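Each of the two complexes below includes chain A, the first together with chain B, the second together with chain C.
What follows is the complex of A and B.
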């Protein structure tokens, strides 16, 4: 039971930055903007967060710095993509490459240096509780940040007026404009908010999950998998977060499986999570297949499940909108 | 009172509105009529604050301004209802209702919806997504929303497309009540003169971006038609060709056929179409007519059943096999689904007739220019064509030996002259033995051009009506869900 609890704790830690970045991208895409700069953003904000934390010897200042970097990069994308009407995909892609090189270049002097990290939070008195104890008694703050962010995003998106407007501009910017909503401003705001969460993910990597800075840092590629997890999560914060934890679980279990099967080469376990994600995506979206729909129609009780599976992208994802052109 | 003063709206070289001045009084119902592309919708968008005019002023509530924004228009009580409802299909009813309104709780919103729909004899489930409603219900919801926001000037853009005659009557009664009892200004944008006669205190006629005349009752139909269409009104529409006696092999026979689309499935269906027959499909949006056409041509699946074409049986409906067998499908969304916007006319011809080699200029002349009156240079891109020319191009790409044409709304977005030309062409094909199955949200069009009408209701065939029984009353009642057995008894 103890080992099981520790495994869960490890998954929560490994998954926390992925969850934060996934939620950030979910917010952005729900407003209709695709931010492809994730991978570079995470790396650059990880570097900046570590640099600030080392310089000022305060990891929390580092987290704020990382968030500012993430929001700035998203802001550049937002200004060019939303207000200047350029391709979000092209700009995001270029930003990814730019930020990655910038991170290695600017972060060179912090490479392999000792520095502060976020440490662990100890919650007294719960250590003896079965299962719950080993997971939460002494846990990294990023886990709590991730869990709180899941709830906050869900609550904001589905329980507030602001969240309603967020979904409206991603669903139909024309209709939103017709209702007096300032579409481009709303989109820019969520671009910034999403970017800040992505920056927080970067800080979570360099200050908690894989502490320190270097080349490679260890979080390379996380941004790309996050983009996949957002789709996997059907643009729903809770589902997306579950997807992120699932991916983390695949990675963590690889480490354990490696010990059990020493004869299998280690790279197999490192690579396995990626095809596993594709298979899971296929399984999750099976409800869209024609033959599955036929079975569901013949057995109506299955409908509940197939409805839960059904996911659609925000209808106006990636489309730009210019109010001056009118409706 | 609202005064529009010398409104111009130019899109590049196109003058959608060319100096329009207009006064709208409270308590009056106006009908704004004109052909497609006459500039009606543009003018109304200017009034609703959805488009900024190039020049001109708007006087509203005693204040003169150069343009409105959606927020400003709402504050001044102007609300517009679009032909394709401008709403959020994936979001629930109550959120659609609330978006853009002052802040209130979900429960308050639900109460307001309940109260308003009770007054108007409607029913909405607040948590259902709007995509599950029919177009008519979505428009009604929008109307309730505008009334809730305190709109006193209501603009309705073609509100009767896609609703049953009964729903139309309810809507008209409501509009009449709003104008007479609550002094609302109603503007009905329409291309159907009968609706304008029925409701309007005055008819505003637009043509080519200008307001050509304002008429008061009693209306003179001939004068109206000439004002609306100009010379194009003069033209002969061919009669529906006589149906030849049924031969031994039908053109299309469906035997317990099931079709399954992405949203719903239908079946079993049994149906026979003869060569030379024009068959119209009627039904509210989403009642099954779309799936029926897409199933026959192989765009949606046929999980069970048999379909035979000219006596040859098909157990699966592969699109390319059926296409080679002579089935041609013409979608309503021409530019999106049937043409290549960035390819020119000559490239379309080359793609459609891959067997022809060498210089196709002459072939283009005979195929497009002479027989279809498609007056455009072969270098023109499809995206630059008008709706009428797009449809002409599409029809000219259909091989002459096609035996079964499936058409979604053949005259969508066409002016009267083009629409007549399209129908004359289609009837010509039917006279030569091709069969046509089509649907149109305009019930008049369906009744006018069909030997038989298939009415769909609730994703099934509700009834197949012969030409002599196909009246507005019977087809309308079937569309609304009355069983056919009941209707046929009362007519006898």
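What follows is the complex of A and C.
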């Protein structure tokens, strides 16, 4: 029982930054913009968050700093991608490499320095609840932030008018424009909001999950995993969050596997999520393969399952929208 | 749309460089380093002496091989992000082919180079198959395979191929001197590598602009639906384009093993794959520009080694400058587009 609780707690902590970044990217992609700069964004915001937290001895200031950095990077992508009509993928990819190197360059003097972290929050009164009580009674704040963000994103996307506008500009920018929505501005706003969440994920890494800064920090590659989780999550915040926890569970199980197979060098386990990422995407896209669709057609009861399994991307994902040429 | 005059093009290029310089100074301000002195140290470290120029050329060879290889899949509108992993796989195959030989000559080197090209091509084929038949976007398949290739390298270095005695990040047992690529005079670059790179540039030019294969590949990139209708075999062609790029990346890996490090080590690819993607984007994938941008980026890479020694700065500044340059080119291109649209409208 003790191990079960510890494992769940470890998954929650390891998954929290993934959840935050996944929700951020889901918001951005829901509006039709692909922010490929995630991996670099997370690193740079992790570095800045740690640097600010150390300098001012206040971890929460660091979280704010990380969010500002994430939003700034997304803003650069938004301006060049939306208003200057350049390829979002190309700009995002360059930003990823640029921000990674910038993080190592500027973070040089903070490398391997002791610094503050977010510590633990104690929620009184729920420790006595069986099974889940002890898990949630005393946790890192990023866990609560991640869980709250899942609900907030779902509520905003599917229960508010703003969320409807968000989905409109991602699915059908022309129709949205015809209804008087300022498509490019809305897209830029969600780019910034998504970037801020990604920056929060970076801060969660350097201030809670893997405290400290160094080269390597330990969160390298997480951004690419997140981009794959967004596809796995079918652009739905709850399913995306489940995907993030699934990958976190894989990471945690890697630690146990390492103890079982001590002959395999540790770095090999660090790359294990990436073949999993490819396999996951392969599985998600299975539903669109011709032969799978043939089987589904022959056995109608599979249809429900197949529909739930492969969800289409927002229809206008990655496409430019120029109001002068629209309509 | 009419093409801009030469003067206008040079003007835009100047604007991009000025913007890059300005942005570099702005983003590096927080490090507290004096900007102009840093840039001076950077360039002096790249072109200050003959031995440094030799090192620049040694870095130019794999970078150019990767970058010209990338042009082929990009012609079909595919991003071969897996080029980094293909360099690593080439290096693994090269080192593997060399394992039976204690010493040797040109024959063994030729075998190793061919093995490396096959390794790179196979790794690229895997990414291509995932893309064409598995519908996994090539960004994810390529990137995932990069990490997998790195994992295989680490496993080999710490496992079956470890040095007798100690396994460490410093890599496998070094090759015998007789298996090294011959050097160009006293410079640290091999004339074989240089010759292969020039050959690759010419082959790619002929393939793209003087053969039916290149023409049809371009057709596939411009309009995949029409290409299917005209039975140009887009799938087969996409896979072929990936494999050619992978073979060149594998060649780069072989040059790294045989000419630079003389062993397999975790950092064997030296990030050349990712840098080559930046070169391609900055050149807008025009073959004529690629070798020159590669040369400039190689100077930055070699010069940045001086930064930690002389200024106490991190050497990743070269990557920062490279990224900012590509970004500046995008910004200037975008502004140009915007101005042209405005002129047409008004």
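One rule holds for everything that comes next: the second predicted complex is superposed on the first by the 278 of 327 C-alpha atoms of A that agree within 3 Å, B and C clash if a C-alpha of one lies under 4 Å from a C-alpha of the other, contacts with A are read in each partner's own complex, and residues count from 1 in each chain.
Criterion: a contact is a pair of C-beta atoms (placed from the backbone, for glycine too) under 8 Å apart; a residue touches a chain by one contact, two chains touch by 3 or more.
Bear in mind that the values here come from a model prediction, so they are computed numbers and not experimental data.
By the touch criterion defined above, A:147 lies against neither chain B nor chain C after alignment on the C-alpha atoms of chain A. By the touch criterion defined above, A:302 lies against neither chain B nor chain C after alignment on the C-alpha atoms of chain A.
Contacts of A:179 after superposition: chain B is touched, whereas chain C is not reached. Set side by side, chain B and chain C differ in how many residues of chain A they touch, and the one touching more is C.
Within the superposed three-chain model, A:264 lies in touch with chain C and out of touch with chain B [touch as defined at top]. Of the two partner chains placed by the overlay, only chain C lies in contact with A:91; chain B stays clear of it.
Once the two complexes are laid over each other on the shared chain, residue contacts for A:167 go to chain B alone; chain C is not touched. By the touch criterion defined above, A:238 lies against neither chain B nor chain C after alignment on the C-alpha atoms of chain A. When the shared chain is aligned, chain B and chain C each come close enough to touch A:324. On chain A, the surface patch touched by chain B in one complex and by chain C in the other comprises residues 288, 324.
Remark: chain B residues 45, 48, 50-52, 69-71, 74, 80, 86-91, 95, 98-100, 103, 260, 262, 265, 301, 303 touch chain A in the complex. Across the complex, chain A meets chain B through its residues 161, 164-165, 167-168, 171-172, 174-181, 288, 290, 293-294, 297, 312, 314-315, 324, 326-327.
Interface residues of chain A facing chain C in the complex, by the touch rule stated above, are 36, 76, 80, 83-86, 89-91, 93-95, 97-102, 104-109, 215, 221, 224, 227-228, 263-265, 267-268, 270-272, 274-275, 277-278, 281-282, 285, 288-289, 324. Residues 27-28, 30-31, 79, 81, 130, 134-137, 139-141, 143-148, 150-151, 154-155, 158-159, 167, 266, 274, 277-278, 281, 313-314, 316-320, 322-324, 326-327, 330-331, 333-335, 337-338, 341, 345 of chain C are the ones that touch chain A when the two sit in their complex.
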